[in-house]
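Worksheet: the structure to be examined is printed underneath.
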């Protein structure tokens, strides 16, 4: 009792560098305001208000980031604030910037109401009616007519805020909280599809159950590491691993469980089981958001944990992670070959990419750090644009995601096909696209770190993976269109902007990557 | 020497004595309460109430209890055997346990052993009470659920919803007390009231607590779970004999406990008002008397309410809890926190920018008020209320092909032994109805 | 370390023993005159309508909503109690933090309220 | 800073864009494509004129920083070898455009798209040969796959999807293995020089110090990619498919130039960068080369499909080229480079005439034709010339190169050379037999009879439906014939450009002049 | 009162939860197993806090409880939604997304 009180007496107000964390505060604040808008605005004016608010929030956060990121101390070393819980250092600034830009892209998709009349999300439940009736005629009719559930905006903002905290978290508890803050809204978003309600809800349940399972693992890992080092601060754990008199069992068990949780979020195989289902079932804009931003956040977290806390013990575990990276690539590439659904295919591709990313992440060098972050940015934009395109190809039942329906798309819509081709080539890692540069820098870092065999393996796998990207190109360009094939919706301004953003960045990062590489490599984690 | 330290020295025999004492006290209070309630309500309705068994009819409840014990136990065929069995136990045990932390008297000497009239003084005493009342809900829910009958199920749900709703308000109201006493220990809270009882220092908390304690115990006018007109007997409709008695016991003990807690939190516990600690009126054993008197006052309030107020409609009831008590409690909490801060600063003479803080507090309070009060004004015109509160039951969409459940999930229908349904109908259904009415009579003295 | 809790455990044990004992002996000391109607679920004297197995029955969704709200607010209290105990020591910082905390919760509360989550019709 | 190469790179790209925009009007698009390709030819002439044989190792250089983080530059430059290859491209593309002028494209495809892709590919190939930064080279190496992939996949024969995919995946796999080596090269240079670089000239000095094992691994990475590209025997299986399914124009560029990237890569990258490994592994390459010669020739003999036939002859020819390169003598090296040029011309021409035959008969199968010389004497004659050039008859350009290769290789590798010489015999066999089957004897075969209306109806007026070559086709083939003959009798201008570069390459390997050594 | 017992107990609880998640088929039961895992972690945290003589672990347990509550709310909402649509909470019945 006395000790507890004594500790409380000692409480000192933590120093908070509001300038440094302003982007997160802006996003989370906007999310709260967004909830209030939901509460108080009449139904008709919610959508425009939310869009305006979201845009303002993203712009404000970006502005705050630029102001702070431009400051000399950040460029040099960064700021640790919230009594060591949050670190805003150059990698974090890069990841925040990436996340914000990616969020712009995916929020544009989310906000779009032109491709699917009323938006891709479940309509507002009608008074007296049953909201989520699965595919009922009446529901469907209403779905077409009514406006979408604008709760997606606050949910997305909360998830984004969680992601931003996640990459900046300098202790495992903060990381865990951020993990949940980013996950919980995503679980909900997954279940909000306007079309194919059952599929969407099923995706949400699966994602939720598996996600909760994984975060329990993460948490147990945190607990064991806490027992191991007496602290959850990454830096303390690093210090503890340097000491020799502690229980290695706790360290290994804790690290293993922690990493399982993280790898799950990053959908690294064999912890990828949720990925294809959720990617397929979730509304496409959400899938885009999830695929791009979650990947960035998850790997941001993995990078920080590995670099800061476990660098000292890396020789103990990097073989294991290397094997996992290989497994992930193989799973992604091989299972991707057999997919017949575009969204599932991209999901498996994301599993394969997670393997490549992990290769960069376990190269614990500054080059590995910057390379992985660059890869993340490159992959994120490509994916968002790809899902944007997926959302355009539709038939009467909504999106036509079966590959056979994509046959001859180039004839129906050359521009869509061309853009999608570019994106697929980027995913395959063909030169002049960001995907190539990304692979290059990651593998360069890995070879530099002495992982040449893994890199060769990765390259062979990426050749295999290229097959299923090419297959789509073959379908689009070399096959004759089916008679009752889908149409390509003319996208509204939002979706167009989003796809353009993704495609242009894919191209720019492929042709002129220097600025992004500079930015990604501008500094190290601090702690 | 603090109460906790006093009690910590207790030898085991003394602990056992106290445990048995508390147990006996609670059982006696229950027996007393039942008769007293029937008598008081009888008076209010200008009739004598029970007056046959024992002197002045005061042994009526004892007789009822013994009768209950020897009644036939009926367990419905559809009941889930083990849950049905354990539910009354779950309801009953926490009710006893919760009372352990209540300080019922001051420092006394029992067979030469210096101790306090309190079974245990924990640093988290208040939380123990709250925790026990939460666990007690399980007994109610499981009892209703396991009966395999619609009325108990609905009663249980209502009861649970009610208890948890009012628990929020209750918990929030206690926080202000805790803030003033800076401790969660019940003994500390009593000690903190030597300078003034909290019921007038924290009037809002007191009112909220009193209201929510009635709601928490499912007592009139909030006795919706057992609303005879709607739900027959509520969650315990299918219970009889001793198991029914256990539920009954739990309910009355809960009443005693929340009253005792109210005494502890707001009425200075066992202390006599307006006198010093050293005064003979604050002698340990006399404290027991004051404590019982204060508690009885609260219990009388229960009876009084029951005798005078009509039962609330369910939506009114929930509305009262969620839209009035909770927001007020929240705002009150912030206000108290703010006031305490300002006072501390003023006492320390360090209040740097009082204006700023005042403005801050005002803005905060205003914002919260707006947040809580504004919606109500436009409630009626808002067309898009979430429909989940509408029809209640989930209704599948018209054309939904419901996936066939796997075989082991097949719905089992109540398997009644074969017989001519028409013939058995009349006589079969009569008996349980009569039985329940009888039980009801046992519980409601004025029936 | 758990010494202070011993009386509590004893109280619990006594209550549990009493309750279990009562619940167990009840069927044995009472008369047993079963008939079929007695064993049915009680439905106001009419033949009981077919019911799904216990637990599979339908429950009005509003109860879930209430349960969720309860969980949220209960958890909120988990934080308020420690604050309340040490409020004086935390000073302005604690006040601002707790106001923010309650305020944030207030946003959600307002949302639920406004969207009809607190209505029972 | 020389702008010639950059202009050569950009001109076809711009051309491709223009053509694609004009694709609504077929004729205009074709004219534009031709104009741009001729412009490229002019630029190539300028480059040739500006090149000083015997001057610097790399000339016409230009360099701009691209990705400073990795020391990547946009640097271009040519040595003699690259120069002749670029000239070959610039020569072949207009020819191909002329040759494909009237091709029947699959339904729904426009000629504009086809020519635009051709031009883009031209740009890509110029980039491959002109890049002097290894990273940049790799980028072009992979990038050039994409237009070729679309050329085969969109405009090819019935089985085009399969062929395009196979082509792409083989090349990509090779390319990715090479990427590992490229990165390894970078890392090695970073270790030796302190700062990593991709500059070829710097790397040449940096990597030869690397330990042999490192060299071998890196060499293998490059070698696999180039062996797939070139194609050497076990990795060749994509070529017959791709060659057979590709439209004629794309096929000419595929075997004529694109595959030369492989042999060019041996010379430019494998030998100078990893001299020790090259010498160590030369026997392996030589075995593959010789096996390729014999195997390709034998399969060519047995082919029933004309385009596959051409593809298999190419495999044999690439064997010769590889033999010449890894024999490590200046004569053989120069012969190989010359062979690369000549093969591009002669095989290109074979491809074109085969295409013309097919355009008339509508079938790729040899057995569907017969006695065609009676119907189309001019075509038969030109086919014959092309064939003779392909089998390296003295007087045609190929003879010079093949002779140089064999002469140059013999002192170092007598056994392999003798076996390779066997290939010459087989070449005579398959070429002449092919000619005989298609053109000699009475008119027969379903392709021709179907076209002429019945067996032996040679006097039928409808015979006119198998027309002889028109002016355009003659105009397309004429420069090739001319070049074959000119280079056959007077190869000096080309050899002058080639020899110093080959010499420099061999000196980088550390082999001064093996022929001279042998003489000692 | 050695902490090992507590750690073993929590590991056991965690394992029970994990196995439950893997073998049970009812979404709600799976979900409860997850909650069990979280609470096992809480026990671990508190034990370690005791071992280390700190408060951190106990504070963390608070946060875990909050997260668990939030998970409950979100999870129940999702499960309810799917239950409304298909009248079954069995994970096995969710088979639209089979690979």
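Lettered A, B, C, D and E in written order, each chain numbered from 1.
Just so we're on the same page, a contact is a pair of C-beta atoms (placed from the backbone, for glycine too) under 8 Å apart; a residue touches a chain by one contact, two chains touch by 3 or more.
Only a predicted model underlies this, so the values are computations on that prediction, with no experimental measurement involved.
Enquirer: In the touch network of chains, how many steps separate subunit D from subunit E on the shortest route?
Expert: 2
Enquirer: Along the graph of touching chains, what's the shortest path length in steps from subunit A to subunit C?
Expert: Shortest path length, in steps: 1.
Enquirer: Between A-D and C-E, which chain pair is linked by more C-beta pairs in contact?
Expert: Of A-D and C-E, more C-beta pairs in contact link A-D.
Enquirer: Centroid of subunit C to centroid of subunit E, CA atoms only: how many Å?
Expert: Roughly 19 Å, centre to centre.
Enquirer: So the centre of each chain is just the mean of its C-alpha atoms; given that, what is the distance between subunit B and subunit D in Å?
Expert: 91
Enquirer: How many angstrom between the C-alpha centroids of subunit E and subunit B?
Expert: Roughly 29 Å separates the two chain centres.
Enquirer: I'd like to verify one number: the distance from the centre of subunit B to the centre of subunit C, where each centre is the average of its C-alpha atoms, in whole angstrom.
Expert: 11
Enquirer: Give me the residue numbers in subunit D that touch at least two other chains, ranges are fine.
Expert: Residues: none.
Enquirer: Residues of subunit A that contact two or more other chains, please.
Expert: 36, 39-40, 130-131, 133-134
Enquirer: Residues of subunit B that touch two or more other chains: which are they?
Expert: 371, 374-375, 384-386, 388, 390, 394, 396, 400
Enquirer: Quick check on the complex: what are the subunit D residues that touch subunit A?
Expert: For subunit D paired with subunit A, touching residues are 65-70, 108, 135, 138-140, 142-143, 145-146, 149-150, 153-154, 160-161, 164-165, 168-169, 172-173, 176-177, 179-180, 183-184, 186-187, 190, 217.
Enquirer: Quick check on the complex: what are the subunit A residues that touch subunit C?
Expert: So the residues of subunit A touching subunit C come out as 8-9, 11, 13, 32, 35-36, 38-40.
Enquirer: Quick one: which bits of subunit C touch subunit B in the complex? Just the residue numbers, please.
Expert: Touching subunit B: residues 3-8, 10-12, 14-16, 18-20, 22-23, 25-27, 29-48, 50-63, 65-67, 69-70, 73-74, 77, 80-81, 83-88, 91-92, 95, 98-99, 102-103, 105-107, 109-110, 113-121 of subunit C.
Enquirer: Quick check: in the complex, which residue numbers of subunit C touch subunit A?
Expert: It comes out as residues 86, 89-91, 93, 104, 107-108, 110-111, 113-115.
Enquirer: Hey, which residues of subunit E end up touching subunit A in the complex?
Expert: The contact residues of subunit E facing subunit A are 7, 14, 17-18, 21, 27, 30-31, 34, 37-38, 40-41, 44-45, 47-48, 51-57, 60, 63-64, 67, 70-71, 74-75, 77-79, 81-82, 84-86, 91, 94, 96-97, 99.
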